[in-house]
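Working notes for the structure below.
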Amino acid sequence: MAGNTFGERFQITTFGESHGEAVGVIIDGVTPGVEIDEAYIQVQMDRRKPGQSSVTSPRKEYDKIHIISGTFEGKTTGTPLSIILYNTDMRPEAYDDIKNSFRPGHADFTYLQKYGVRDHRGSGRASGRETASRVAAGAVARKLLERRGVSIVAYTTEIGGIKCRDFIEDVIEANPVRACDPDAAIKMVEKIEALALAGDSCGGIVECRIRGVHPGLGEPAFDKLDAELAKAMLSIGAIKGIEFGAGFAAASMLGSEHNDQMNAEGFSSNHAGGIIGGISTGAEIVFRVVVKPTSSISVPQNTININGEEKVIVTKGRHDPCICPRVVPVVEAMACLVVEDHYKRQAAMLY
Amino acid sequence: MAGNTFGERFQITTFGESHGEAVGVIIDGVTPGVEIDEAYIQVQMDRRKPGQSSVTSPRKEYDKIHIISGTFEGKTTGTPLSIILYNTDMRPEAYDDIKNSFRPGHADFTYLQKYGVRDHRGSGRASGRETASRVAAGAVARKLLERRGVSIVAYTTEIGGIKCRDFIEDVIEANPVRACDPDAAIKMVEKIEALALAGDSCGGIVECRIRGVHPGLGEPAFDKLDAELAKAMLSIGAIKGIEFGAGFAAASMLGSEHNDQMNAEGFSSNHAGGIIGGISTGAEIVFRVVVKPTSSISVPQNTININGEEKVIVTKGRHDPCICPRVVPVVEAMACLVVEDHYKRQAAMLY
Amino acid sequence: MAGNTFGERFQITTFGESHGEAVGVIIDGVTPGVEIDEAYIQVQMDRRKPGQSSVTSPRKEYDKIHIISGTFEGKTTGTPLSIILYNTDMRPEAYDDIKNSFRPGHADFTYLQKYGVRDHRGSGRASGRETASRVAAGAVARKLLERRGVSIVAYTTEIGGIKCRDFIEDVIEANPVRACDPDAAIKMVEKIEALALAGDSCGGIVECRIRGVHPGLGEPAFDKLDAELAKAMLSIGAIKGIEFGAGFAAASMLGSEHNDQMNAEGFSSNHAGGIIGGISTGAEIVFRVVVKPTSSISVPQNTININGEEKVIVTKGRHDPCICPRVVPVVEAMACLVVEDHYKRQAAMLY
Amino acid sequence: MAGNTFGERFQITTFGESHGEAVGVIIDGVTPGVEIDEAYIQVQMDRRKPGQSSVTSPRKEYDKIHIISGTFEGKTTGTPLSIILYNTDMRPEAYDDIKNSFRPGHADFTYLQKYGVRDHRGSGRASGRETASRVAAGAVARKLLERRGVSIVAYTTEIGGIKCRDFIEDVIEANPVRACDPDAAIKMVEKIEALALAGDSCGGIVECRIRGVHPGLGEPAFDKLDAELAKAMLSIGAIKGIEFGAGFAAASMLGSEHNDQMNAEGFSSNHAGGIIGGISTGAEIVFRVVVKPTSSISVPQNTININGEEKVIVTKGRHDPCICPRVVPVVEAMACLVVEDHYKRQAAMLY
């Protein structure tokens, strides 16, 4: 498969550039006969869209989705469910001054090296806007997973060095950084606002929990459930690492500590993060991803132009000083896609 | 594709159980006309085989490879290159006592949940022995990459809490833990030997560097080079996390710090780990993986049997107290597979 | 891959129902830097569209394409090239009377059996309108093939029992049935007009020639060039068979007759149709497909409704009494897709 | 996927050259817990093997299969089921005289053009021996299909111009040409024996019937059941065409004739061959393939050598003057693979 398609039996193909006419997604393999409407999907879109609060980009691009095909009388038909989002707040001219220069941290240089040409407007295909397509598809997967009793929640656990100490699920959607600890959330917002004034940005960590997955999901040897989740997460531009369960802490643990012992009730710990041998154990699946600081900053930086000449660049425009709160729904969406796809593969294998 | 196949244009399919007749791999998409022989591949096999030193399992399973097809008169033909490794040191009876119980940390429980049946002998398909097939295939990829000027090296940077302070590439293959720091290596060996006596095990961290990749390799949006490397690494049973470049440290960095600024000579830092937007930058590709402590320990552990009854289990047999030194060639092999495959995809895209 | 995606490295995904909002296609793996515009693609669309002549459906659905992404300043960028065709001449109410009945020859019954639900309006996804997406994608492939010196032409050789005796390439696009023999074309038109009056329809045969393919294209063992062309052609709803070179006539030939002997100039015959062992020989690739009579006829037919009750049905609406002339550009498009994809796979293999 | 892999969820990968060490197949996606043993598979192998009668090649290559992995205590485990056939009757020296020349009708020329190198011994990878791997895999698929109530039978309907007039299923395996008409069978044998004496060969037609498939199997738009069957059949080296149901005869039929009308009992005819819109109708699936005359003949033929010099060639060795009887089990095997795979895809889609 070419690189813009993801999944085997629940398969999505995304398309569209940030400042082109539209972005969108084709979802193939959708279970037929399931009720779904634009409003259900829009809820997820609104969690990802810019301009939600003081800590996100003030662009007024309203991520309104349109279902183009694949439903009939309010139900899925099993044919490709396609969703399009027209780009309405395009200001390509805002990018004229970076047409011939490479912004540090952005894919400007690598795209040009790969393709020999590039649509420089707002990062083109490499823009975070591409993830809107993923969130739309993820909402469809989420709908199917609801029927299976699976729920997926992600949230910020760290921003700019400030860590959550508590896990209070109810507060996640109630604070602008989607942190799981309300006290930490307040400090995170302050931190981001200060960075915004300074024209700088910061990174963070997002954690995800997948609940309700029965033991036995995941396809060894290569399509292990954690392997596919890792691919899904690292395919999000801003994410630079992932760890499951105890994660990197396992490097300094003993086997007698790390092994999740079993008793009649199940596992007495969950250092494995709910996956052993690439297959779900039935425990909660837990992973964390690291989100790099937003590349677009207005602090002057050294770079080169397309002729290799050195210059100083200042990235203007409307950007998020910390992308964590908007990455949260994207992480959930990608997790939904992976899990739903694995359910379908499992069904095929067992049949 | 089903789960035992990996890669798109340089594609491998592995097969075989730990204590069955053989394990092996079919490699499809091999460039024709390339000289390769069993001796070249065997060098890599010998780096992964057990019994290399005091810190690895004393099993005398000699991983002798046989090329069954795909070469003619010492050269690849472009047809499937298949390699088989007969299992010679099988002692399935050694596993009789775990036939009906689930060893903590192992995939015993999850395989039975997934398939309803399992080959319990030495973990069957879930055994680390499956990675022998990967190393064989990785050697073929390595041969092709040599022609492109790409080299890949992995090494241990941490074991049981002991961290390498130096990076001296020459010492890696000269110490039994394949650490990049000879002083740390000595302490790591001592630590492992002590754990072996105590019947326990420990985890560690392996780092990998990929050199010589020109800028422009990697397939957005989903088949990003880092996304595919992440999948490849997490498909190794013992690996529970991965990070690229600055990795998890990026969570507490500022954008002005993390962004790799450019000058006429290239990048002035490499926090991105050689990949931006999923595409290689031309800088060294650097990632780290966390290796969990070996699950097989002789410390008594609580578990249940297949009837759900609680029991205490002690895993006997010949096992590695720390798997890091033997994971190193597997990490390299998987990286070779991903990079070679991406070169072929790039060739297809540009053609 | 799910069923609405075709190709490996030049990959298309089509979407959309006949009487939904739009149909379209996402093309992934397009070589970057190639000049292409909507006008170039539109030429092919206009060859497939209804209402071209007295022998095609009078629907005024103007197949206007819109490129949504994947080009920049008139050139391909290597990102997904997406094309959408809005449905403008929708008359879903025209299909109300067949909502609950199965039209003989149509996929009404099978879609309902497969999915449990169906969009009955104008056959929904099973409509010939889906092939508009293919023709659009095929035009992009054709553009890439031009650079390789490959050209593909298809034409009608038989309609309603009337066979072409001559092959005059220049006349193909000059007669409404796209026949390669002007005399036969006149009789074919008369035949079709008579059938239209009678409310009946007829089948025919379309032949395709692929020129300029160098020897060596095609991927054994399963992705043979003829195997993939066969799949491509049989994926067109109206096509029920395919034969290469001598085809079914080979059943009564001797080996000494059928074998294409070679001399210094090449092959002295082409019974193989330009493909041996699944790989192109360098000779012209020739195949023929059989096109079934259009299923929509106004002659009364027996059928059942969704409750299994017998009834008589008369298919109203605007339909082509013989679909051959409009299948011709679809056959060409699918051939373009297969050949372009194989060029890219060959490039990957050899690299 | 690379070209030696077939199928999506029931996936096979074949390997091996005719005169190398072995041929074999890896089958991935096998339903776990199904009883299967070597004897069950061997029955099918023996139907394909040479030396069965006066009309097949006298080579004594006994196609003995070995299951290497994927079963445990007589049942499938869901892990890759691998089967190997060691080559025991290798006489590579018999091919020395054709090392540098291209045999007409064989893939000698095309393989060399494609890969730049070739294993000339007995056609190497392009040998009919590769189909032994397919028959082994097909037997596994057949076993799974038995549980679904699906049966598949193929048989010869025409050889060297002699056509079957009757269809008597019981006689198929009782005559050496596997014809469905005992009178025709006698004439076919005479014809083949005469051609063998003359050093020539002939072609024929094989028909296949798939029974017990419920309505609703097949994946539109591209992975239609007939499209995938067509690819599967054309991937068999000797097959040059396929037609479903009425097939090429549809070219001269009217819509009112060809449409399969329905009544309360089902379809009143089966011109569609059991598939409409790429989806099974529930009627018997019927298709025919044309088998070209065996390319290896001892009649002198013109050809060129690898330097382009003209020469006369006489193909020695032990060959089948008509390959139809041995193609029959290969056609069945490929049909089994396609149908089983589609059942698994259907299960995934509906889940």
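Which chain is which? They are A, B, C and D, in the order written, and residues in each are numbered from 1.
We adopt the following convention: contacts are C-beta pairs under 8 Å (C-beta built on N, C-alpha and C of every residue); 3 or more make two chains touch, one makes a residue touch a chain.
Computed from a predicted model, the values in this text were never measured in an experiment.
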Item to check | Chain of greatest Cα-centre distance to chain B | outcome: C
Item to check | Pair with more cross-chain C-beta pairs in contact, given A-C and C-D | outcome: C-D
Next on the checklist: Distance between chain B and chain C based on Cα centroids, please, to the nearest Å.
Outcome noted: 46
Item to check | Distance from the mean Cα position of chain C to that of chain A, given in whole angstrom | outcome: 39
Item to check | Whole-Å separation of chain centres (CA-atom averages), chain C against chain D | outcome: 27
Checklist entry - Which residues does chain D have that touch at least 2 chains other than itself? => result 1-5, 8-9, 14, 29, 32, 78-79, 114-115, 125, 220, 345
Item to check | List of chain D residues in touch with chain A within their complex | outcome: 8-9, 29, 31-32, 78-79, 220, 343-345, 347-351
Checklist entry - Hey, which residues of chain D end up touching chain C in the complex? => result 1-6, 8, 14, 102, 104-107, 109-111, 113-115, 125-126, 130, 158-161, 195, 200-205, 214-224, 226-235, 237, 240-248, 250-264, 268, 271-273, 275-282, 290-297, 299, 301-304, 308-310, 321, 345-346
Item to check | Touching residues on chain D, where the partner in the complex is chain B | outcome: 1-5, 7-11, 13-17, 20-24, 26, 28-29, 32-33, 66, 68-70, 72, 75-80, 82, 84, 114-119, 124-125
